[in-house]
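Two complexes follow with chain A in common, the first pairing it with chain B and the second with chain C.
Let's turn to the complex of A and B:
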């Protein structure tokens, strides 16, 4: 008996110590694409995410526990993201999942969060479904959504006096939902406008000539769109020689006003584009933004910082604040705490609607113009369109 | 540029089959769209088909070579400030160097291995080259400017059309002709052709078969690099661009016949036509027609329109 105690005693002690050590940390499951096409946004988002983790730990962590980030690559693939989310919950024992990029990926992660009863904070996916018909107790969003974005596009279309509108969206959840959001927005703000063309190139399309020539033939005066990232770059580069941007105004969501796009395209960025961005490195709307931007610039060793880090940072901050408010890591308690939760962010305060689980995340909008001495387009004038839909 | 829009604008509302039939100007533009798209794909897919024809290796890493071509063109033009012409040359040279190393250090060991082993090797290369590209160029997206003289549109009488895309319409057939003349009209071309039939017999005749293999692999890879460089002004160099192009290339070479130059040329044109005209007829079903054709070809003539059925002993 004594021998048994001697043998098992140290093992039990080690296991107990390990269990205490495990309990003494908060595990954040992080899902962004860091390889393949999505890495363009996933990699900078990951930087913001890590900044937020460092920030929390420097302030004593969450509920006095150190915060660790368990990171997985979604490869921009919903199935990969869902499998990774499941594994992080069941094997790694993460307390929360934060991230996601692309609406399809966001919806896939959300389903896993629902099944496993683990909080998921969507920092980038915009599909309206996540906070309407596919909302559940454990999903919350700090990004904007397709109805806010569509309404903003309709407001700008009204300002520009649009009469005939061509709409071009990517053929997946975000594109379809944004098209619907624009349609609803047009009914509110510009009911007399006529939509003359709906086009849906596939996600990751490479050749847009057939769509460009259809737009130019359709006789529209405004194009509304949500082609994001490389989709917009390729579309614009292919449409410019046709003269599309000389004659037709282009209003676009998908954060085409961000530094990532403006900086990458430089002189190739076309005229007559009205675009949006969550954050602009040159627009210090708050002192906190100035501090954040300088810290990010130092971290990246560049003056012109990307937009995506702030989104990831807000998601982590929101979770940290909710856990502190709940006083526990229990998902149900944190879910309650997140409802109505308000935090300060570098781009202004953010509050989560207790009914929809959606943060009041507006965006900066404006025409992308040339500025003397600047080698890329900048947004000017910048208008913040709040996350508010008035019926 | 105002007149360009007037040329193209045909006030047709939502297009469709009726518009294609009733409006020759619109149909003509879609014809040019089809040819320029097809020729862009032909230049890339020709290398894939050539490598399979001689080496009998299905090279999944071909898309990665295309991606490297686009990135090198970016570095040469935007970072080093040289002209686009040098960007294309730089991509070709870069891919020659890269493919020599890969062929000599990896591929030559799997020529006699089963297809599964070859596929695994090329798939591993896809992952490795993807990470190497990320290390060199990061995860940003880039924009390569059109050459200044080709950044606008050319008046073709019936309609204006982007000058750069017209260049592709010309370059594709030129590259096709050059490859065809090399294979059919030169001694080395005939030797290469013989290598597709019986490599053992060729070796028995004293021909240095490994050199032929290296040459073919390098030429095929250089074509991918040139294709990537030529596409870079309208397809921004980004991580993951290899995964998209390789699917389209495989559709083309399977329709045309793996290993057949004519097949690749015709397959690329078929792909361009069914994509563009199909997108007008069924706007949100762009891939339906190309994959339907692929399906029919696989069922009726699995070796492709211009390919040859594999016989025993080959």
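Let's turn to the complex of A and C:
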């Protein structure tokens, strides 16, 4: 008996120590597309996510516990994202899910979070549904949303004196909700403008020729759009030879002003584009932004840093702050803590509305122009349009 | 006991069932979820095998019936607030009617023409699911399916799935081993000769198609409730290709082969995705191995190993 105790004693001690060590960590699950078309936004976001994890750990973790990142690829597919979210919760035991890219993916992850009672912080998906008719106790958003973005597009359309508008949006939640947001924005800012064309290419579409000819023939003076990432790149490359951007002004959401797009397109980036971005590496609105951008530049070994890391970083910081405020990792307590939560970020302070679970995230907007000696377009002048809708 | 099922096979089934019943006792949410999904895919693959293994036709559009079952059940449960039983039964009936309609056209053709027509119909279903946004949710999917309280619990849902899949598999087994099933095999082996002895081969193939579609609909209805969502990818040709590979991997000339194929492929995908994003490459390699070295699938391989061992003894 004594021999048995002697033999098993150390094993039990090691196992107990291991289980304590395992428990003493916070697992943050993250979902971004890191392969396929969405990777142009998802991969930089993942870098920001890792930066935030390192930042938290260098400050002693969350509630004194080490923070571990559990990462999965969504492939920009809601079904894949939902399955991965479920697996991260049931297999890896993550305490929170942060991320998502595309509104369809965001809604799918949100549904899993609701089912499993795990906090989900949407850092990129913008569909208004997430914080209105599909809001629940466990979903919060640090990204902007389609009503804010649509209102900003309408404000710019007013500045440009738009009269006839063609709208082209992707055929999924973000596109439909942004179209509605623009419609409402136009009623507020430019009630006399007339929408003459509504187009809905499919998400992940690559051929836009049929839509381009329709726009060219519709007689509109402004195109409003939410074609993002690779969709805009393909659209612009196919539309430029037709002279679309010479004839019609193009106002676009979907962060087409970001360095990811401007840098990737270089000389191919068209004229007459008014675009948005959450962050611009060359625009230091705060000292914290300067520090953050330098750290990111060092990590990526380039001065021209992408925009998406800051969004992922804000999501992780928001969770860390809420967990500290709640004093526990219990999802219900963190949900309470997130309501009204305020944090400082490299792009200014962010506060989550306790009613809607939506952060007051505005964006930088402006025309994308050529600059002497710069091989890509930059936004100039830059205007920050806050997350506020004035009726 | 019938002559088709040996005692050892029966014992294997009972042991498998006992193991499946005990899954929730391990108290692992992940294990329960994985096995639930394997059960659903197993039924899906078994249903396809009625067309491939028994009637000898290749369908490239079986996902259509999976999606019809899933979406119908989702819409009735959630948008119309129906109770589980009428919703589930109606979704099965709707799938059966849809399969019967498509089969009417498809069974007029054979070989590659049959395969292409099944693909065309399935893409039609996909297009409807994609474009009919107000009803199906379009590209966003039909998210937030309402699941009745009685099965709105992981273990309860698991047992619900186990009961449904076991019942459906048993029914399929009887269908495939009945006179109807044997006649289908005769049609598969030599349709002309079967026709000469008085078999209405087209009608037999029509029924095989309807049976396969109906059981795929059951799998789809359970799948939607399990994920609390149906997505257009469920109707896409890639889903049809996946279930086809499951069937080939397990072995189309064995009744339980496709279920083994479904479990193997599903687990392989899970493991591969943890280490690399190149699952499609792995899937391609699996398909190559099956076609070149394992034409009878894993069930055929097991048979060969068994006869080899028996021979050496």
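What we mean here is this: the second predicted complex is superposed on the first by the 376 of 391 C-alpha atoms of A that agree within 3 Å, B and C clash if a C-alpha of one lies under 4 Å from a C-alpha of the other, contacts with A are read in each partner's own complex, and residues count from 1 in each chain.
We take it that a contact is a pair of C-beta atoms (placed from the backbone, for glycine too) under 8 Å apart; a residue touches a chain by one contact, two chains touch by 3 or more.
What you are looking at is a predicted structure, and each value in this text was computed from that prediction instead of being measured.
K.L.:
Evaluate whether chain B and chain C can sit on chain A together after superposition, giving fit or clash.
P.N.:
By the criteria stated at the top, chain C and chain B clash after superposition.
K.L.:
Once chain A of both complexes is superposed, is A:115 in touch with chain B (first), chain C (second), both, or neither?
P.N.:
The second partner, chain C, only.
K.L.:
Is A:201 touching the first partner chain B, the second partner chain C, both, or neither of them?
P.N.:
In the superposition, A:201 touches chain B alone.
K.L.:
Looking at the overlay, what does A:107 touch: chain B (first), chain C (second), both, or neither?
P.N.:
Touch status of A:107: second partner only.
K.L.:
Is A:342 in contact with chain B, with chain C, with both, or with neither (first, second, both, neither)?
P.N.:
So A:342 meets neither chain B nor chain C here.
K.L.:
Look at A:59 in the shared chain and tell me whether it touches chain B only, chain C only, both, or neither; answer first, second, both or neither.
P.N.:
It touches nothing on chain B or chain C.
K.L.:
Return first, second, both or neither, reflecting whether A:73 touches chain B, chain C, both chains, or no partner chain.
P.N.:
Second partner only.
K.L.:
Contact-wise, after the overlay, does A:35 reach chain B, chain C, both or neither (first, second, both, neither)?
P.N.:
A:35 sits against chain B and chain C alike.
K.L.:
Looking at the overlay, what does A:171 touch: chain B (first), chain C (second), both, or neither?
P.N.:
Touch partners of A:171: chain B and chain C.
K.L.:
Of the partners chain B and chain C, which touch A:302 in the superposed model: first, second, both, neither?
P.N.:
Neither partner.
K.L.:
Could you let me know whether more residues of chain A are touched by chain B or by chain C?
P.N.:
Touching more residues of chain A than the other partner does is B.
K.L.:
Pick the chain C stretch that clashes with chain B in the superposition, from 20-28, 38-46, 110-118 or 236-244.
P.N.:
Of the stretches 20-28, 38-46, 110-118 or 236-244 of chain C, only 110-118 runs into chain B after superposition.
K.L.:
Which chain A residues contact chain B in one complex and chain C in the other?
P.N.:
The overlap between the chain B and chain C interfaces on chain A comprises residues 34-35, 171, 202.
K.L.:
Using the touch rule from the top, collect the residues of chain C that touch chain A in their complex.
P.N.:
Its residues touching chain A are 28-30, 32-33, 130, 133, 138-141, 143-144, 227-229, 231, 233-234, 270, 273, 277.
K.L.:
Sort out for me which residues of chain A touch chain B in the complex.
P.N.:
Within the complex, chain A touches chain B at residues 34-40, 42-44, 76, 171, 196-202, 204-207, 209-211, 213-214, 216-219, 229-230, 233-234, 237-238, 240-243, 246-247, 260-261, 264-268.
K.L.:
Which of the residues in chain A come into contact with chain C in the complex?
P.N.:
Touching chain C: residues 34-35, 72-73, 75, 77-79, 82-83, 86-87, 89-91, 103-104, 107-108, 110-112, 114-115, 134, 171-173, 176, 202-203 of chain A.
K.L.:
Which of the residues in chain B end up touching chain A in this complex?
P.N.:
1-2, 4-5, 8-15, 19, 26, 29-30, 33, 36-37, 40, 130-131, 134, 138-143, 145-146, 151-153, 160, 162-165, 231, 233-236, 238-241, 243-245, 248, 275-276, 279-280, 283-284, 286-287
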